[in-house]
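Same chain, two partners: chain A is paired with chain B first, then with chain C.
Presenting the complex of A and B:
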């Protein structure tokens, strides 16, 4: 997660209008999931790859590694679709085990392929958004589309304090390590537990201090901040609209 | 308008959690436009007193005055106090709540009800002024300690306060950022902003401040000009402070007969240098 956060600040597409990126990512994701079309998923995967790696200049190696993270989940879940155990063999393949067969039908293989490819395409949409848009910009969009304010404010604070608390945690861990706190399994478990306990107390203290600091600047229960927005370029809007229309047409035509 | 911008009269304050009496009958006055250094051991009540001055803590007894008027703890009154008195907290990580620098700075001014357009101009102005521009597009968690400090000062400055309270601004700063902060503080003070600063550095306090307040066990032990405070060796000892370097050298020079006991004891290196410079001149005029 911290890798993604670092990368999005250096992305070349960072200053592209966040609403355009958001709309593109969400609509494309929806079309991929709805259509389950192999052709469309392949197109979306390629386009997102070009956008993120080519335009956004996210290193390909990192992008590939991130894309492979959900692979295990996707393969596990499609396994159930491909593999059947039955007494009579199906049309795609059949491996006899005693009087039974481990078998699968052509239709189920096709279905699995669709599932895998469209899942990857959907994941690539979300990666496109998170690798090229900063969290604050995403929160800005959420506020604009009238997400509940409390949720947006909570996300803003949580996002900020993830980093403060991980820093605190790693500082505590370093100091524990320097006193041999992690030399074997037993000490590791104990040190980790103590670290977690201290972290919890620190978090409480921090939240009190933060509340004081916010109150001293006139906090009244609503976090008002300026939203930074980068004006959308006409070309970007036109391209996104055309692409989404093409996907919509693809959906309607029920491309394979 | 009254000459005193802030006054405290018999302020007592205890923390609810542990019942510890953090402030015990504090009396003091702060002159408009002055530079006041607050010194005292950790836990002597400096930070608690600062939080009282900003209306975060409400004293159990006693009265605080802003511009001669008692603090008004109504919602509107509090907003006014917080606009006029700003606190830069010691640990920027306890103050910065947003990952975006400009959002962070915009918080205070928007709370004052300033329209977005003007708030944006003000935020951009303060970013430029505090030389935050090179890192304004970085997330706050990627900033260095010194940069975070700059942002936390901008947080307050954007609200155009009359009084700025800095709680140990130089703690954990490298020499470069300490200099940046000190220069900025001098600039602000030249603009007429009253500055209260908690510090443990007596040499800095003596060179910088118009007045020093020594705090001890929730009490004001001594308030006066640096020279007055330095002469009160008992008070210094009680607050675990050593005499400033300049005073120690001055005493040695007096003992050796190089300097005669002057009516104004030099408390900063600059004053000491001036006293030493005078030696030659006196001889020439003789």
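Presenting the complex of A and C:
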């Protein structure tokens, strides 16, 4: 099933106030992207690692694997940033190909390093949020910051349905596999298409039944869920504020 | 081996190892933190009118008939699940559908824009595909530009009486390709090349992602055709129910 969602329910930081976690993750993320500073990115990576793996008790092996998900994207696109094809060589390196050069400048290499590290720091912020906060808590925060009610409502329903449909899909795929449905490319394509079509039909049927069930329980256009409240501790707020001020100062000083 | 050969050899091995362990590229989500802040904000602003239009039309439909809400939500969950499943591929690498073409054909571009941004938020938080700062850019390429092209082509083919299967294939295939082009241009605008500016950079990004994205677009096209055929055989009444969403424009 969905790994991140499963892990966040067992995180030790799950019952920390969601607004504090949300604010921390978003502000830190913004400072990383704004500053693109190597020092700050390294600090943020370390702090988030300590928080998620040390405090939240998310297994390190899983955390490392998750951090590597965007690796392919970052390698390909950073490659495109630092390699230029031009008639005149630039200062860092130049590999001649006929009368052209594959070349790059020192500035762009430095920039690529900043880009990679700060992007990874940003990803670690995203993971801090998603590995330690349940989706329902995040939706609660969204409702509090006045995200349109219809959006929050839709997100809540979609979140629930994702699991229903994932389960249905995996059951269908298991039975298809047991009948050699994914034996080669041609059968895979056919099986996948049939699975998706059946999934869609079941989804729609279920949506009708679900609406009936909701209406019979008095649904009036709003799902009211009892929000458990975990009031923020003063220590957490002070630490987050201090950390963000430090990052802000780092931004203003333009650390390398 | 000479010293130079050794260096080259090492570089090649390092490159091969990196790519062997790298989980192969998903659809073209720009990763978290990759775009400068100004671009994040700008793309978000570009998306706003489309999202507002989708939002208003959806709201109107809901006021007419509240029952639609579970239909819309199920469709959104369907797009998410389809895009999170591994799809068959020729090379054995693992890749995912974007579901943009299918969504646009089934639900229409207005509904897809709103559902798209929700699906992208879930993809970022639950699967770490894409991110929160790059949400605007990703929404524009995957939930607005791609579906609009898909829908346009599908309608155009319908008018010109092209074979249904071909028109579905073209809609999904070209919608996917367009998404990939838009993403490359978004990256190029943010990181213009030192020699040649935005245009040269766009060519580079297009080239770098082509080997993964072009086959993916073809497969996505084929799969969409298979799905649509199966749906038309088994699920005419359901399709009509969803067609209700499409009129919302």
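To be clear about the criterion, the second predicted complex is superposed on the first by the 242 of 256 C-alpha atoms of A that agree within 3 Å, B and C clash if a C-alpha of one lies under 4 Å from a C-alpha of the other, contacts with A are read in each partner's own complex, and residues count from 1 in each chain.
The rule we apply is simple: a residue touches a chain if its C-beta (ideal position, glycine included) is under 8 Å from a C-beta of that chain, and two chains touch if they have at least 3 such contacts.
This structure is a prediction, so every number in the text was calculated from the model and none was measured.
Participant: Quick check for you: in the superposed arrangement, does A:108 touch first (chain B), second (chain C), both or neither?
Facilitator: second
Participant: Does chain B (first) or chain C (second) touch A:73, or do both, or does neither?
Facilitator: So A:73 only meets chain C here.
Participant: When the two structures are overlaid on chain A, which partner does A:225 contact: first (chain B), second (chain C), both, or neither?
Facilitator: In the superposition, A:225 touches chain B alone.
Participant: Decide which partner touches more residues of chain A, taking chain B and chain C as the two options.
Facilitator: Between chain B and chain C, C touches the greater number of residues in chain A.
Participant: Once the structures are superposed on A, label A:136 by its partner contacts, choosing first (chain B), second (chain C), both or neither.
Facilitator: After superposing on A, A:136 lies in contact with chain B but is clear of chain C.
Participant: For A:214, is the partner it touches chain B (first), chain C (second), both, or none of the two (neither)?
Facilitator: both
Participant: Looking at the overlay, what does A:32 touch: chain B (first), chain C (second), both, or neither?
Facilitator: second
Participant: Would you check which partner chain A:206 touches, where first means chain B only, second means chain C only, and both and neither mean what they say?
Facilitator: Both partners, chain B and chain C.
Participant: For A:238, is the partner it touches chain B (first), chain C (second), both, or none of the two (neither)?
Facilitator: After superposition on chain A, A:238 lies in contact with neither partner.
Participant: Regarding the shared-chain residue A:157, is it in contact with chain B (first), chain C (second), both, or neither?
Facilitator: both
Participant: For chain A, give the residues common to its interface with chain B and its interface with chain C.
Facilitator: Overlap of chain B and chain C footprints on chain A: residues 5, 135, 157, 159, 164, 206, 210, 214.
Participant: Enumerate the contact residues on chain A facing chain C in the complex.
Facilitator: 2, 4-5, 26, 29-30, 32-34, 36, 66, 68-77, 79-81, 83-86, 88, 90, 103-105, 107-108, 115, 118-123, 125-127, 129-130, 135, 138, 148, 150-151, 153-155, 157-159, 161-162, 164-166, 169, 173, 182, 185, 188-190, 192-194, 196-201, 203-208, 210-211, 214, 221
Participant: What part of chain B is in contact with chain A in the complex they form?
Facilitator: 51, 54-56, 75, 78-79, 82-83, 86-87, 89, 91, 93-100, 102-104, 106-108, 110-112, 116, 119-120, 123, 137-142, 155-156, 159
Participant: Please name which positions on chain C make contact with chain A in the complex.
Facilitator: 18-19, 21-26, 29-37, 40, 55, 58-59, 62, 66-67, 69-78, 80-82, 84-85, 87-90, 106, 114-115, 118-119, 121-122, 124-129, 131-133, 187, 191, 193-196, 200-201, 204-205, 207-209, 219, 222-223, 225-227, 229-231, 234-235, 238, 241-242
Participant: Contact residues on chain A for chain B in the complex?
Facilitator: 5-6, 9, 134-136, 156-157, 159-160, 163-164, 167, 206, 209-210, 212-220, 223-228
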